[in-house]
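Quick one: the structure is below, and I'll ask about it shortly.
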């Protein structure tokens, strides 16, 4: 530790004292702005706060101007169910009967590459605290994972670590994991994507917001002690060159303590229900810098914090480090003086450490003192919200035309029935289409006893109210290849898939959360992808009538600096939430009974650009993604929801990656009930060949199984609604119980052979 | 009849266990780890979860909770006690049941619908099953491998104290495919799989888990009558 | 400020999945000299001031009751650390 | 037949939830003398015959690569066990 504490007075007296603003990731003009705002040089502690809060991660300085688009496209009607929109820790959606849910997806990409287990674990822990900060009880998690090539040695390091990290945290904290994605693509080599979603439920009256109101109210920090974790972690370039800090080596990696967080959840809920909390905020990226400045700027006064009262794990931490520390499992609450005793009694009951750090003042400023000396004295808004806003240049890359011109038409297609059969089996076992069981069997999907659907069904479904069985369905989907080929359409297609998955489960889609994983915003081509994707998403949300309620942006996902070429596939991961008045009505994706008619909904075109077939069979990515018709998606969803309400179908499965062949495979393998499919009518109707029918990835399609006695009502309904529907087969347990996926007059695959092909891939690579 | 469900810091399936007791027709009573008080219950369930994070050894710290001294005393007096997963581990750590549970042989957490055979229907928790009945309930744990020395295993087998056995392959390396055991008297039973997750249609693999809870209720009624 | 080191190992007859996994992985990485591996636990307990006999006695009892499970584990050593993180060469074994 | 002992501990600045849980439990059991606990790993590697310098060298590299995670753990000692299970007093530290 250097001797002189860098107080506000000292800062005023030593205007020319050199400061490490560069190492902290600030630009010269940003540092100048801080000096203007304060009308003096910042202290070391102030510099720490501004630098983390003005970082890309916290300030969204590159993406802000584009994210506004989401707001611009939210109509009156879309507001109907929205209790809290973008801007708070997470959006809150009214699902009726006095219940609301809050949900959000967030990335923890970079930390998960450095230390896969802890990176993924703390990613799950972080998003759970966002949900708690709304006053909700977390009820489920999901995870969307993207890794490099499945056979790359480093993938064998990252995958098991990330998966056991997601499971290790979620299982120990007692939240069911109800879905997600696992995708392999070489562009994620060295830059995996780990996006975690959490959903929570609350009664309307329990809604809490992050603000510090009421002069004299106390500011309490509770949960884990503060250590040197992640200083300069996700928020800024690592830096050990604070002039007020010794040479101390601080860990950039944070270690999670799910047990501490489980106790914190129960403790927070008891505090909420006892009415002991005025405002609450989680501590995540930027730690105390973020929590104090956001609480204060959302409040009606100033705030005084005695930093020396923060319980420390490492007593050698400097004020700057305490402000920047990203130690996990901490929360901050605003409590009235009258309640503070009761508050501390509850934290004591749960063995949770708590410290009263300070209070809400009638001033305008956030003041932080260190043993009585003022080290921070700033207008909180300037830290939390008035960060820099960039108009990054963006331009459609030259290479885009060539990419779109290189269509899959030139790729050799399977001609004979034998080749079709072999292709179907190879596809079923390909890295991205094979069974995810190796991953999902490491996740507890039963805890809490409310899971009505989980992996491998299209959406996860959990009960919110045990009395009425009111519940929600969620799906998390992204398609980086489609988005690479056409960011605007690709992003909208990802939304459409999640929306379709939720409807297939029988739920009425209500709201959206998104995690936008892109490369460097300093590359105009990447920035163009980002701008286009946001546009496509915002417009599609408006057309489908589902508002974006919150999300997360992760930039700089690239391994080199030659712009687009070293960036990951542009990957918007979209979570759609739907509601079911009775989750017992949910529609599963697998067939249980023989003799039911299988209908294909929607029409199939020759659309293989960016398809799993082109990639898995030919390593090809080019052309245009499938066309998107949102009015049709809406109609399809309406029909699927009505089918579940009226009990017209026993199973529904959306068609996405791998097309009809993969959907049939998954529905067969779910419970081992086979199917006899006839394609000829479909080929005539849509004017396509058998290969296209099986592997095209045209959007807006699903397969449903209909009990004989409902067939008439079902077809009448589809006809009345004007939805293309065609009976393509019948479920079949096979004579002598030898069920198979049988494409009539072409080929047949016994279920056992299909299962072997589907199940073997991940275990073969990861043990 | 009152069935107490203990909540330790880090218990996860306590709510599910209370729900199962209620659905089976009993009265569920929440018990708190820090209170050395069983609140007049007729039976006790130690639920699944990660008490104290399972950090040192599963159940090692929970075993010393104030409520446990009461549970041990009651168990020795013949009160029915069921340990599920983490609860099973606590019972072993407390020496109410022999053996111990170690890391799964494949080193991974596993969550799956597990088929079991009910080997012993003479316990307080299995009387409503039929001998040899095959049931399916969820299994979810990272440290479910049951171990004990050969002599102990032989005694367990000999005395008919192996209550549940894994079918269709051993999911975690448990010796002799043991999924659950009982004490001599048959009032204390521990198992790794989760019956409380199979008590409601559509919220689990079926209703096979209810049997454990209905068993103890009828046993209790018998006692009262 | 003193430090007590406690070593706990799985009993030889009890199967040790972690050790088994390690011994399987070693040769694949070219470490071919090892025929068996057991994985146990090492605890470092800090005390204000001296490691007195009374402190060591408490550590021993903690090792037997809480830190190890006699059914599957042995306490192989309870001793004062010789300062720094290196404790080898330090005395007092259980 | 020789044996090599390897000790791995969480880095001092890294959170150690396990040690935290133990230090919380000790006083409740009346063990009141301990102010901090860290939990690490102890590996015992068996070798055919002598623990030669070359074997120790291999053990050292195994410790750095496979047995510890350098991001969050330190290898605090690699040494030959003095026979029996008691290794204290034995030499050769990493």
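When the chains are written out, they are named A, B, C and D in that same order, and each has its own residue count from 1.
To be clear about the criterion, contacts are C-beta pairs under 8 Å (C-beta built on N, C-alpha and C of every residue); 3 or more make two chains touch, one makes a residue touch a chain.
These numbers were taken from a predicted model, which means no experiment stands behind them.
Colleague: Give me the step distance from chain A to chain C, shortest route via touching chains only.
Modeller: 2
Colleague: Using the average of all C-alpha atoms in each chain as its centre, how far is it in Å between chain A and chain D?
Modeller: 39
Colleague: List the centre-to-centre spacing of chain B and chain C in whole Å, with centres computed as mean CA coordinates.
Modeller: 31
Colleague: Take the average of all CA coordinates in chain C, do the same for chain D, and state the distance between these two points in whole angstrom.
Modeller: 7
Colleague: Rounded to the nearest whole Å, what is the centre-to-centre distance of chain B and chain D, using the mean of the C-alpha atoms as each centre?
Modeller: Going by mean C-alpha positions, chain B sits 35 Å from chain D.
Colleague: Of all the residues in chain B, which ones touch at least 2 other chains?
Modeller: In chain B, the residues touching two or more other chains are 52-53, 55-56, 61, 64, 106.
Colleague: Note the residues in chain A that touch 2 or more other chains, in rising order.
Modeller: Answer for chain A, listing residues that touch two or more other chains: 257, 259-260, 351.
Colleague: Where in chain C do residues touch two or more other chains at once?
Modeller: Only 66-67 qualify.
Colleague: Based on the touch definition given at the start, go ahead and assign the chain network to line, ring, star, complete or other.
Modeller: Looks like something else, not a line, ring, star or complete graph.
Colleague: Given the complex with chain C, which residues does chain B contribute to the contact?
Modeller: So the residues of chain B in touch with chain C come to 56-57, 60-61, 64, 92-93, 98-100, 102-107, 145, 147-149, 173.
Colleague: Can you tell me which positions in chain C touch chain B when the two form their complex?
Modeller: Result: residues 13-18, 20-21, 66-67, 69, 71-72 of chain C touch chain B.
Colleague: Inside the complex, what are the residues of chain B that reach chain D?
Modeller: 52-53, 55-56, 61, 64
Colleague: Can you list the chain C residues touching chain D in their complex?
Modeller: 4, 7-9, 19, 22, 25-26, 29, 31-48, 54-55, 58-59, 61-62, 65-67, 74, 76-77, 79, 85-93
Colleague: Flag every residue of chain A that touches chain B in the complex, lowest number first.
Modeller: 164, 167-168, 171-174, 257-260, 262-263, 350-351, 440-452, 463, 466, 583-584, 586, 767
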